[in-house]
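Labels run A, B and C following the written order; every chain starts at residue 1.
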Amino acid sequence: MSNQFSHEKIIQLRKKRSAADRRFKTYGLIATVIGMAILFFLLFTIFSKGYSSFQKTVIELDVTFDQETLKITPNATYEEQVEAKFFKVKKNAIANALPDLSKKDIKLMKKMFSINVDKEIKEYFLQNPNILNTTQKLLVTAHSDVDQMLKGNAKRNIEEKKRKLNDRQLEFFDEFVFTGRLKSKFNNFFFTNADSRHPELAGIAGSFVGSLFTLITVFLLAFPIGIGASIYLEEFAPKNKFTELIEVNIANLAAVPSIVFGLLGLGILLNVFGFPRSTPLVGGTVLALMTLPTIIIACRASLKAVPPSIKEGALAMGASKMQAVFHHQVPLALPGTLTGTIIGLAQALGETAPLIMIGMIAFIPNIPTGFTEPSAALPVQIYLWVESAERGFQEKTAAAIMMILIFLFLMNAIAVFLRSRFERKW
Amino acid sequence: MEQDKHIVKSYDDEMKEINNNILDIGSLVENQLKRALSALKNQDTELAEKVTEDDNLIDEKFRELDQNLVLILGKRQPMATDLRTIFSAIKMNKDLERLGDHATNIAKRTAMIELVLPEKPVRDILRMGEHVQIMIGKVIQSFVNFSAEEAKVVWKMDEEIDDEYLGILRQLLTYMMEDPKRISACTNLLYMVKDLERAGDYVQNIAEDIYYAVSGEPLYNEGPDREWEAIKPLKKKK
Amino acid sequence: MNNVKVSTKNVNVHYGTKQALHRVTLDINEKEVTALIGPSGCGKSTFLRCINRMNDLIDICKVDGSITVDNEEIISDEVDVVSLRSKIGMVFQKPNPFPKSIFDNVAYGPTIHGIVETKTDLEEIVHSSLKRAGLLKEVKDRLHEPGTSLSGGQQQRLCIARAIAVNPDIILMDEPCSALDPIATATIEELIDELKNKYTIVIVTHSMQQAARVSQRTGFFHLGELVETGETQKIFTNPENEKTQGYITGRFG
C-alpha cells in the first residue's frame, strides 16, 4: 500500500501526464502569439499606410491682393469682399509661382495646386481685409499628386506616361523642394470635410457624422424594443410551443446575413413605406433590426443571471411581479444588457452590406445635419475610397479604417466602464 | 435495545458501550450483595472485609460510565428514545453505585459483628437479601431486554421487600424488647435490614428509569408511605 | 394564546404529475413558533410556500385543498396575493438582501405598500424594524452601505428586519440558519424567541436541536405526508410515530 504510488509504471504515467500538461500550455501560448502577431501586423499595416493622410502638403505662394484685380475698393462691405475676384488673384499668383513660366507651363503649374486654393485665398483675405494691395506669402494646399510625390507614395523614376506628374512638373516640384516652398502641414480637411472627388480635400467628417446618426437611430430603436422583448419573454410570457418557437427564431435571426436585412430595408422601408433613401434613419432602422437579436440575447442572459433569490425576496415582500422585475432584476441585468447593446452597436457600426442596399453608398459631399438627410457611413466610405483609382485615396482608406477602429475602441471602453460602474455584487 | 441501527455507526458503538457498562456495574453490584450475604451467612469476617474493599471496583466503574455518558450527551445530542435511555442511564448509574454502597455496608457490619447473632432474624434477612438479589438480576434483565413490562414487574416486587422489611423490623424490635442484651447485635441487624430495604428502593428506582426509557411515560410510586404507616403505631404506644 | 392562525385541510400539491404533498392537515397557532422538520425533499418547504402562495411562481405547481389564514380561504384565484404576502413575511435559506443599501432594504416593503407618508415615518419604521431584528446597534452608522457588505448572520437579520418592516402577522422561515455559523445561529434563535411574542412564526429547519430549542409545536414531514404533529417537548422526548422516532434519533433508512 505504502509504495503503490512509487511503482515504476505509475511514475512513468505521471511523467507522461505532466509532459502533456506542459505541451498543452505551449500550444496555447503559440496560438496566442500567432493571434497577437496577426493583429499587430494588421494594425501596423493600417497605421503605417494611414498615418500620412493626417498630413497634407502645402506650397508657399506669393499672393498679391491688388484692388484692381480683385475689383473692390478698400472700404468695400463684407458682401462685396465675398464677391471679389479671388480666382484672378490665384491665377496671377500661380502664374508667378516660379519666374519665367510659359503659357503651357502655367497650365501645368495650375495642375499642381488644389482646386481649393481660391477658397483658401478668399478665406485668408476675409479674415485679414487690411492686406489689400500687399503681397502675402500664403501656404496653399497642393494637388494630391504633388502630395503623394512628396510623401514618396508615387514613384518618379518610371515612364512619363505612367506618372501623374510629367517631366516639366517634376522640374517645378524639385524647384519648390529646393527653395523650401513645399511644406507638410496637419491635414485639417481630413477631419472637417465630407467626401470629395479630390483626394487632398476628402475627409471623413461626413461619414463619421452619418455613422453617428445611424447608431443613435439603432440605439433608440433597438435598445427599448430589445429590453422590452427580453423582459416579456423572460418574465411574463407563458412557456409554450409558441414562445419556444419565438425564442428559436430570435437565435436564428442573429445568424441571418446582414445583406438580407438590407434587402428588407430596400423592399419594405424604401419601396413600401417610402422612407427617404440613403439616410441615417433608414440605415439605422435596418441595422436596428439586425442588432435586435444580439440585444435580446444579451439582455435575457443577464436577466437569467440575476439570482432568483432576489426576485423571490421581492415577491415575498409583497411586490407585484412588475415591481420585482423593474426594482430588482432590471437594474441588476442592466450592465450586462448595456455591454451586449454596445457590442451590437459596434457590429452595426462596421456593417456595410445593408447600407449599400439602401443606397447609403451614394457620393455625398456634405456633412449631414439630420436623420433624414442623405449621408454616408464610415464603412461605406472605406468601401468607396478603396474602390477609387486615385492614389491619394489609398492612404485615406487606411486612415478611415483607423478612425473606425478608434470609434470601436471607444465604444468598447464605454462598455467596460459601464459594466464596472453599474455592476453590483450580490 | 432492539432498534434499528443509527446511521452513524460509532453512535451505535457508543450506545452499546453504555449498555455494557450498565451490565458490568449491575453484575458487580449483584455479586457484591451475593458475597456480602454469604459472609453474613457464614459469619466470614475475611470475606466481608474483601467485599468491603471491592466497593472500589464499583466506584471505578461508576466513574467510567459517568464519563461515557457526559461524552455521548455532548457528542450526539441524543433525541427521543436515545435521550431517554441516556438520561435513565445517568440515574441508573448513580442508583447502582448507591446499591453497591448498601451491599458494602452489609459486609462492613458483618465484619464488625463479633457477637452471636439471633438465628431467626438472620435467616429472614438472608432470605430478604436473596429477594433483593433476584430483583437486581431481573432489573438488569429487563434493561437488557429493554422491556417496560419486565421493569414494571420488578418495580412491583419492591412491595414484598417492604413487607419483609416491616416484618423483620417488628421482629427485631420484639427481640430487643424481650432481651436488652440483644440490642447491640440487633442494632447491627437493624442497619442491615435497612440497607436491604434501601437497596430494594434503588432497584425500584432503576425499574422506574428503565420503564421511562422504554415507554417514555414516568412510573410513580403511589399510595401512602407504608414504612411510616407501620412505624406510626409504635410511636403512639410509647 | 392558542388561537389557530393558519389552518390547512387536506392540502395536496402536485408538481406536474408528481405529488409533493399528500393531504396535509395542520393547524398553526397564533404567536407560537411551529417548526417543520423532515428529511430533504419531504415537502416541508413546499408546504411553507403554500402559506404565502409562493408556489404560484412555479408554473407546473398545482395546489388544492384548503388553507385559511384568519379564517379566510387563501387557495383561490380571487385572493390578492400581494396583500396576502404583505401579511405574511418570509425569510429564506440563503440570506438574500437586495443589492441596495441597508436602509433601502428595510424601506422597500413600506415603500411599495405605501404604508408611510413622510420620510420621517419611513426612517422610524426602518429604525424600529432594525431594532426589533437586533441589528440596529451594529449598523446604525452605516445604514447607507450595501446590505451585501454585512456578514451572513447580519444579512439574515436584515432580511428579518425587512420582513417585519411591513408589520406582518406571520413570518415564514425557510431554514433561516442553514448557511450560518453557530454564533449567528444562536443570535437568530434568540431573535425568533423574542419575535414570537408578536408574530406567528413557522420555521422549516434541518436541525432538530434548533426545532427543539425554538419551537412550541413541531410537525414531522416524510415523503410528502405530515407524519406527526404535536408539542415540541413531546415530539423530541417521546414521539408516537416510529418514523418520527427513527428520524430524530438519527436512525432513518
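What we mean here is this: a residue touches a chain if its C-beta (ideal position, glycine included) is under 8 Å from a C-beta of that chain, and two chains touch if they have at least 3 such contacts.
Please read all numbers here as calculations on a predicted model, not as lab measurements.
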| item | value |
| --- | --- |
| Connectivity without subunit A (remaining chains kept where they are) | one piece |
| Per-chain Cα centre nearest the global Cα centre, belonging to chain | C |
| Reference subunit A; chain at largest CA-centroid distance | B |
| Subunit B and subunit C, separation of their C-alpha mean positions in angstrom | 51 |
| Chain centre separation in whole Å, for subunit B relative to subunit A (CA means) | 103 |
| Centroid distance [mean C-alpha coordinates] between subunit C and subunit A, Å | 59 |
| Contacts with two or more other chains, residues of subunit B listed in rising order | none |
| Sites on subunit A at which at least two other chains make contact | none |
| Subunit C: positions in contact with at least two other chains | none |
| Subunit B - residues contacting subunit C, complex | 3-8, 11, 76-84, 216-217 |
| Touch list for subunit C against partner subunit B, complex | 208-209, 212, 236-239, 244-246, 248-253 |
| Interface residues, subunit C side, partner subunit A - complex | 52, 54, 57, 59, 82-86, 89-90, 92, 94, 96-99, 108-109, 112-113, 146, 148, 159, 162-163, 166 |
| Residue ranges of subunit A touching subunit C (in the complex, touch as defined) | 238-239, 307, 309-310, 312-320, 323, 327-328, 331-332, 424-426 |
